[in-house]
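Just dropping this structure here.
Lettered A, B and C in written order, each chain numbered from 1.
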Amino acid sequence: MLIALVLLPFCMGVVMLLWGRAALCRLGLPAVAVAHTALACATACRVAQGETISALNDMLAPDALGALFLLLASLLFLAVSVYAVSYLREEERIGEHTNILDHGHFTNAPERRFTACLCFFLASMSLVTITPHMGVQWVGIEATTLSSAPLIYFHRHKNSLEATWKYLIICSVGIALALLGNILLSVAFYRSDGVTETMGMDQVGWFVRHAAQGEPTWLKAAFVFLLAGYGAKMGLAPLHNWLPDAHSQAPSLVSALLSGALLNCAMLGMLRGHQIMLAAGLGGLSGSMLMFFGLFSLATAAIFIVGQGHYKRMLAYSSVEHMGILALGIGTGGLAVFGAMLHAVCHSLIKCMLFLLSGNILARYHTYSSYDVRGMRWTMPFTGALWTAGFLAVAGSPPFGVFVSELLIFKGMLAADAVGWAIAYLVLLAVIFVGLSVAVLRMVQGNRPIDMPKTPREPLLSVLPPLVLGMVVLLLGLWIPDSLKHFLFCAAALIGG
Amino acid sequence: MLLQTCLFLLVLSNFCMLGTPRIRRMTGMTAIQGLLLTVLLCIFGHVMLAVAVLLIKGLLLPGLLWRTLKRLPAQALVCPRKVVPLDVLAGMGGLAFSFWLDGRLVMAHGLFPPMLLPLGLATLFCGLILIVGRIKAITQVIGYLVAENGIFLLGMPLMTTGTAWFELALLLDVFVAVFVMGIAINHISDSFASIDVARFRSLRD
Amino acid sequence: MSQSLVVYFVQLCLALLLAPLLPGIINRVKAIFAGRHGKPLLQTYYDLAKLLRKGEALSQTTTWVFTLAPAIALVATLCALALLPLGGSSSPLAFTGDFVLAAYLLALGRFATMLSALDTGSSFEGMGASREATFAALAEPVLFLTLMVLTSLSLNAGLDTEHALSLSALFGGQSADTWLGGKIELLLVPVVFFILLLVENCRIPVDDPNTHLELTMIHEVMVLDHSGPNLAIIVYGTALKLWFFAALIAGLMTPDLSPWPQAALRTGIVLLLSVLVGVTESVMARLRMQRVPALLGGAAAMSALALILSQMR
């Protein structure tokens, strides 16, 4: 089952690359997604019930944390694959593409390459989430970078090329630093008497069990490099520069996957380091570093969100913000870690929804500027309503899940006596709320644009996935099922919750 | 003795890269570094892996870079000379810093042979300097390779026969990375008529 | 007289006698590379003999500075050579810090030559003098940086400050023992000295001794107005300076053997180096003047690298 999680999308990708009929690609994508989601759900259920499942000599053996992120990635991919059917049909229908920024003409990358890369992307994310071996995880995360770079360059024009290059270089170099972190971790546990030979494939488990033997200096150095490396990929400030560029230039469904699934995977790499630090009794140091960079990301995002005229960049900075909140929550420890897990779930779902909606808006209005989008509630009522709801959710308004998780993190911070941090957190959240609301309300309200041609009905497949995602987040705000709560507690317990 | 000689030659090749504005010469140097890593691996007794490293780092990666270079116009192959002395100075600083760091870290005894840790770190720093200091897209790829070589060197004493498959996966990853970057560079050269990353100014806040 | 003194004086005489051979060897190597037969090896000796027999033509604008300068330059070079240890025995004149004196004796010789060039009032010669001054100023820090590498080495070897800081200790053969013992980065030091040799003696990547255009000359243009015995002194002085630098490199390359083999080895290396200079001149083009600082900067970087690496082991 675990092997299938990786191999199924990978093989499908190869098939698409080789015999890439458009019909096969468009049908294959949701098919893979459904199968993968079923497998991921089964895996997550078994992990939540406390079973240990493993394959390939323990090389694939998810714990609760990994299974949670696996499930998230899988669900988002399902939503995106349904959306992709109508998106790709629409892209094919438009004969001539025009770059919005400089009005140059461009072509798209071949469709089968796009869908194949999506499949490879899913395969590598699955690998990252279900392996307990830090090296394999590293390989997987690098593979996510490489398979998603062509996705960002789907629209072949200068701006997306620029974004792709920044993404490739910053993330590759960052991940190289994380590899150094892995090496330093091994150095910290090195014994000349050959104890390390007993490690086997379950590296994380072994490190946690033997954490007391680690040399603290090397452990600290290792965590710093893991934080810098995976932090760059996760979009923690100050290494977040690639994120707004890549998210704004990629096709919207790719942005949705990048923001909702990929950032979590990168965070998982860092959390493994945090897990080992906690076991070694150095959790105070790693936690405070996480809190610092979390708050710093929050502040950076707040600065750039206020007055941001580019609505996809705005969403990207909102991702930076939420990654900051996650780091803050995990760094705080205790109740806040549970809040952070819930937050990861809610953020992934809601951000995916918003990016898919932004794709609808872009297709209708042909502009990135939130100043030029007017009267969405007249021109595209479903998308407009969902966009408002999504904004309320992502900014942390009451009926939605994000509100609950942000409140839990706040409570956790008060419980951990970090009052100063908590106040700063609230203030920044308020600033971001205002910054987001100005842009979103401006887009939804206002008169119907005069020169806009008569509205065609919005295609069902392009509003259904966001609608479902939004409903789930709303549900999570009102009632969290006990099984999910238990699952989240299991995940949080691994990293100090 | 042989180990020390190889390490020294590695550092020397780093500084040759930092000290030349010509991209062809830098590409040649990456091949030499691959060769040196092969010899080092043989010293550590991983002959099978050494063959793989020779193939990938010594032949395939420089070959990919050459292929990319061949499609670029000639004026794209020289970096501005002004940055060269600064780069060399920064490299010296990196070298001194890694020695300082080496003196401060408590060694797990018998793991690292002398000089390997500081020189590996220095190689990593040289790679980072190449990425940051030169404005060409291709030098960023070369810098990435050099940094990766440094990290590979640091990982060498930790390799056991059981981890060879992981090192192979790593090499494969790096290979694909350089392959994808090479394609990207050709696209950049086509649509920007230059590979200066300083021209990447359209996306910013 | 002790054996070491005998060895020393034999070698000193050898240096004084064989120095004019070096330009001959260089020219012969270049001729072979170019496919020519070339001048005889002893051509410099013939030139010297011819010049010494000739009279001297003096420009009316020149003063005593012009006539005195070649002699000062030659004497300064001779004094510097006398401070150098020669195979297997240190110089009888060695004292603590003599390398500073040697460096500045060479500088004094250069200064005298530049003054005489300026004394003629010719614009070409003034230009040559200014270039010479520029490159010499750039080469000097490199020279001292490299000497620093060597002094740190001999201090590490356990010599006290009294003995460590003299040319005889620095070039007495222990540096070769060190790199043969595994500190391979010290091989960079002879490379740096070779670059210094090319710069200080106005050889090809810096200055072309055979150029026929005054605008591009450096050293040759400064001595255009000299003739007769004074020119002979200048030619001989240049050859001696070449020998001095070659002997420095030879001192770094030879291990600490017993006196006579070491003396033979050093002389052999000096002659080999002149072949190497010939090869360099044949395969390289002259650098543009703006590039010369880059060359010297590279040399400085190499010696800094050698310093850091050798100190940290």
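Everything below uses one rule, namely that a residue touches a chain if its C-beta (ideal position, glycine included) is under 8 Å from a C-beta of that chain, and two chains touch if they have at least 3 such contacts.
All values derive from a computational prediction rather than experimental measurement.
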item	value
Most central chain, Cα average position	B
Taking each chain's C-alpha mean as its centre, the one farthest from chain B	C
Centroid spacing, where centroids are CA-atom means, of chain B and chain C in whole angstrom	38
Where chain A and chain C are represented by their mean Cα positions, the distance between them in whole Å	67
Interchain centroid distance [CA atoms averaged], chain A/chain B, Å	30
Multi-partner residues of chain A (at least 2 other chains)	none
Complex interface listing, chain B residues touching chain A	105-106, 108-111, 124, 128, 131, 137, 140, 144, 147-148, 151, 154-155, 158, 160, 162-163, 166, 169-170, 173, 176-177, 180-181, 184, 187-188, 191-192, 197, 200, 202-203, 205
Interface residues, chain C side, partner chain B - complex	182, 184-185, 294, 297-298, 301, 304-305, 308-309, 312-313
Chain B residues within the chain C interface of the complex	1, 4-5, 8, 11-12, 15, 19, 81, 84-85, 88, 92, 95-96, 99, 102, 114-115, 118
Residues of chain A that touch chain B when the two form their complex	101-102, 133, 135-136, 138-139, 142-143, 145-146, 149-150, 153, 156-159, 161-166, 168-169, 172-173, 176, 179-180, 183, 186-187, 190-192, 197, 215, 217-218, 221, 244-245, 248-249, 304, 308, 313
